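Which chain is which? They are A, B, C and D, in the order written, and residues in each are numbered from 1.
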């Protein structure tokens, strides 16, 4: 099995500013995710966080990333537009993207979806059941019929996303809501998975089943095909002979569009 | 039948700078489209162009628009980002959007798609056959098996778009290319249709069948449902009684997210 | 507005064999649905039931039906295969189909889906919240954020259906399940809507909001486009002149395939 | 890499009845496909044909098949309904299915699609260009922008299929048609790929690029996830405590539905 180069991106703000979050994630959410993913020897892990230069997501880092995971919440606006555009571009070229929890309002995710990505929410420490609705999907490997979380933030519908290509999980909340909590899209050559559990004040990323879903998603999201270079202007010389034969009637100079 | 308020947006640059284009569209592409659409008494037509203040797309105009058609080519970059975002927002709220020809690289379309929207092209005045691949779709009403255009600019695959919700037309080009030339998407509450025929140096918008497709698309794209106002923070008071009974465990202040 | 010709099909078995069901639906489920739909003057209603010749769904009746609603449960196997195939064929030609509750295992629905259409279930009279997840969709007109049903049969995931083209409702159940309760598909030229609330031992079809959804769905599912007749063998004479010019190289006799 | 167990199914009628076909495929279409696939050591190949008992597709064979390829044309009606249903069922459980050329009218494919699967056709030995429209898709690995076939049977739109989950190829034909020639669907836990090139009177399966696409498709279609066994009746004991607490109001006996 080829190695999969994974970059775990974390905003890493709450863990420094809130004692409660630091208690749950003393090494940061990224640290907990990295520890869990070290169980998979085929993953080559790298960490990147908001306060690094270019948020740790230079052109070189992204070039060497097969799958990027993203957790952000308090500081979406601090992400540089150029970096967000660079992430979007790499996804279109084939990099996988796993967007976690409050990352639904992150710049890269919103740029790729084209929609509001808004949702409803309530923080009441209530029970969540993350239902597998697609038991043949590779992201559900090793998961039984549902994952139950005793204390979770409620995310509710309507969730302002384009219709997913594949629906993997839908969550039930004790307080009466439902939520499309595990959704797949393809954009360009890249695969995108959004997974909603993971509020910073609950130890959700310590849950082995949640960790398993994220590991599964990384495997699912790795680049699948060619990395295509497509010429955008097609010379007339490549066209069928009949066009060539009749003398072309060229009205334009040609060249690369846009 | 309720009136449908249509705003026809045109960049209106080529018609002023190129004699050949002016000869084909002396009133501008928008003028030709408006003339054609006047055959439908239920349509309330309005024109807007790039060089007007706010490109003619003020908040008030968009509020009063049910369907917006968009033609642009030479000056995509001159469209103000705030206006592009406003168009995107109105689509998410339910306004229909018909994107024509080179509008595939326009800011509103790219923002809504989230992808490159690139394509391949060749200008050789070749024959195009726009095939109906979905004969039950309302956008094909009155169209037989295909529309044949004697002289057309070739657009070719791969076209950098998300998979359409419905594929209506695929074009054949004499020189050997194919192109997904009529595609539907839904984003938020809005319907989007992209239709590729329409290069400015060919009289394509004078073709009655092309006009019919655009009129059909306007009818298809009109707002369909409620204009929803959804509260984004859901008070605990609305949740099931059990959560209330056990004392809430509130960790956050609540409020509107994002 | 053109009239929409609606045929309400009901198995009509439980109402005759179970006193409790008869008490709730003394005129049959079809009678209750018809009473509710009479509020819409543009609907031309017709009733058909299992025990009529050809189940009331002769070729002529289906020819004159724009939208068919289907409720069945105890006697799916008694539906004649030829009638099920006829319903399927009419949907492909453009007839709308609204499948209600236990109709998920009906022959026409399973033939159109191609999947098991199985689900999980529990009958415990529990509370159901039918959430609107797509507030701009026309099937949600007049419905607020959710419909609450005090006593409902629980249907649960996984639901063995192809990914819907549009997801309109997802249900929450008191006992801990979720279910994709309102789903749209397009097959051929026909629109299909599945709506799960409606167990025969609860008065769910007397609920005005449930009635509203069904009326909305009928309007949504009406035929949209041309009724296409497509020749399946394409004579060489219609092909481009180059093929004709070089003498055809015909290897087959032609004729209609399949 | 785990071995992938592939069963190559061929009707094997034309090769025996038509000298021309036998000349091109002296070992049968299945023999040519098997020879090509032997280049992939991870594939465990098996052959099955129509005239064997149960068409070579016993319950045991299908249990041991990860991906089934299907070529049929003259004798679709001779395929036993029970075998067609068994193939459908195995796809829903996770077996991949690659349907080739005239297999579009085969019983298993039509059962899985739920639509007519009809298309238009013309046999004139014309040129076909199979365009890659999705260059990041794994089925396109090793394929440049298109595959050109000098002599091919024309298949044309409209093709009576449900909208594909992913569109991989669209073909251009010299005579003026287009066709969705490479299409992916997911049904249940199984992946389905339809690939149109392959008329029996042209040596198309000897083309290394066509062989590469089929090999890619087999890899793509292999089972991805768990093989799920889902209980269809959910006992009340598994439900939330509140339902249990209030005394259940059970109206039914429970048991497995359908």
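To be clear about the criterion, a contact is a pair of C-beta atoms (placed from the backbone, for glycine too) under 8 Å apart; a residue touches a chain by one contact, two chains touch by 3 or more.
As the structure is a prediction and not an experimental result, all values here were calculated from the model.
Participant: Please indicate which chain is farthest from subunit C, where distance is taken between mean Cα coordinates of the chains.
Facilitator: A
Participant: As a multiple of 5 degrees, what angle does the CA superposition of subunit C onto its copy subunit D give?
Facilitator: 180
Participant: Just curious, how far off is subunit D from subunit C if you go by their C-alpha centres, in Å?
Facilitator: Distance between chain centres, rounded to whole Å: 27 Å.
Participant: Rounded to the nearest whole Å, what is the centre-to-centre distance of subunit A and subunit C, using the mean of the C-alpha atoms as each centre?
Facilitator: Using C-alpha averages as centres, the distance is 35 Å.
Participant: On a C-alpha centroid basis, what's the spacing between subunit B and subunit C, in Å?
Facilitator: Between these chains, centre-to-centre, one finds 31 Å.
Participant: Can you tell me which residues of subunit A touch two or more of the remaining chains?
Facilitator: 135, 156, 158, 163, 165-166, 174, 176-177, 186, 188, 228, 230, 240, 242
Participant: Tell me, which parts of subunit A touch subunit C in their complex?
Facilitator: Within the complex, subunit A touches subunit C at residues 129, 131-135, 156-159, 163, 165-167, 170-173, 176-178, 180, 242.
Participant: Per the contact definition, I'd like the list of subunit C residues that touch subunit D in the complex.
Facilitator: 88, 92, 105, 111-126, 151, 153-154, 156, 158, 160, 162-163, 165, 174-177, 185-188, 201, 228, 230-236, 238-240, 242-243, 248-252, 254, 257-258
Participant: Using the touch rule from the top, collect the residues of subunit C that touch subunit B in their complex.
Facilitator: Against subunit B, the touching part of subunit C is residues 1, 93-94, 135-143, 145, 165-166, 174, 186, 188-190, 223-228, 230, 240.
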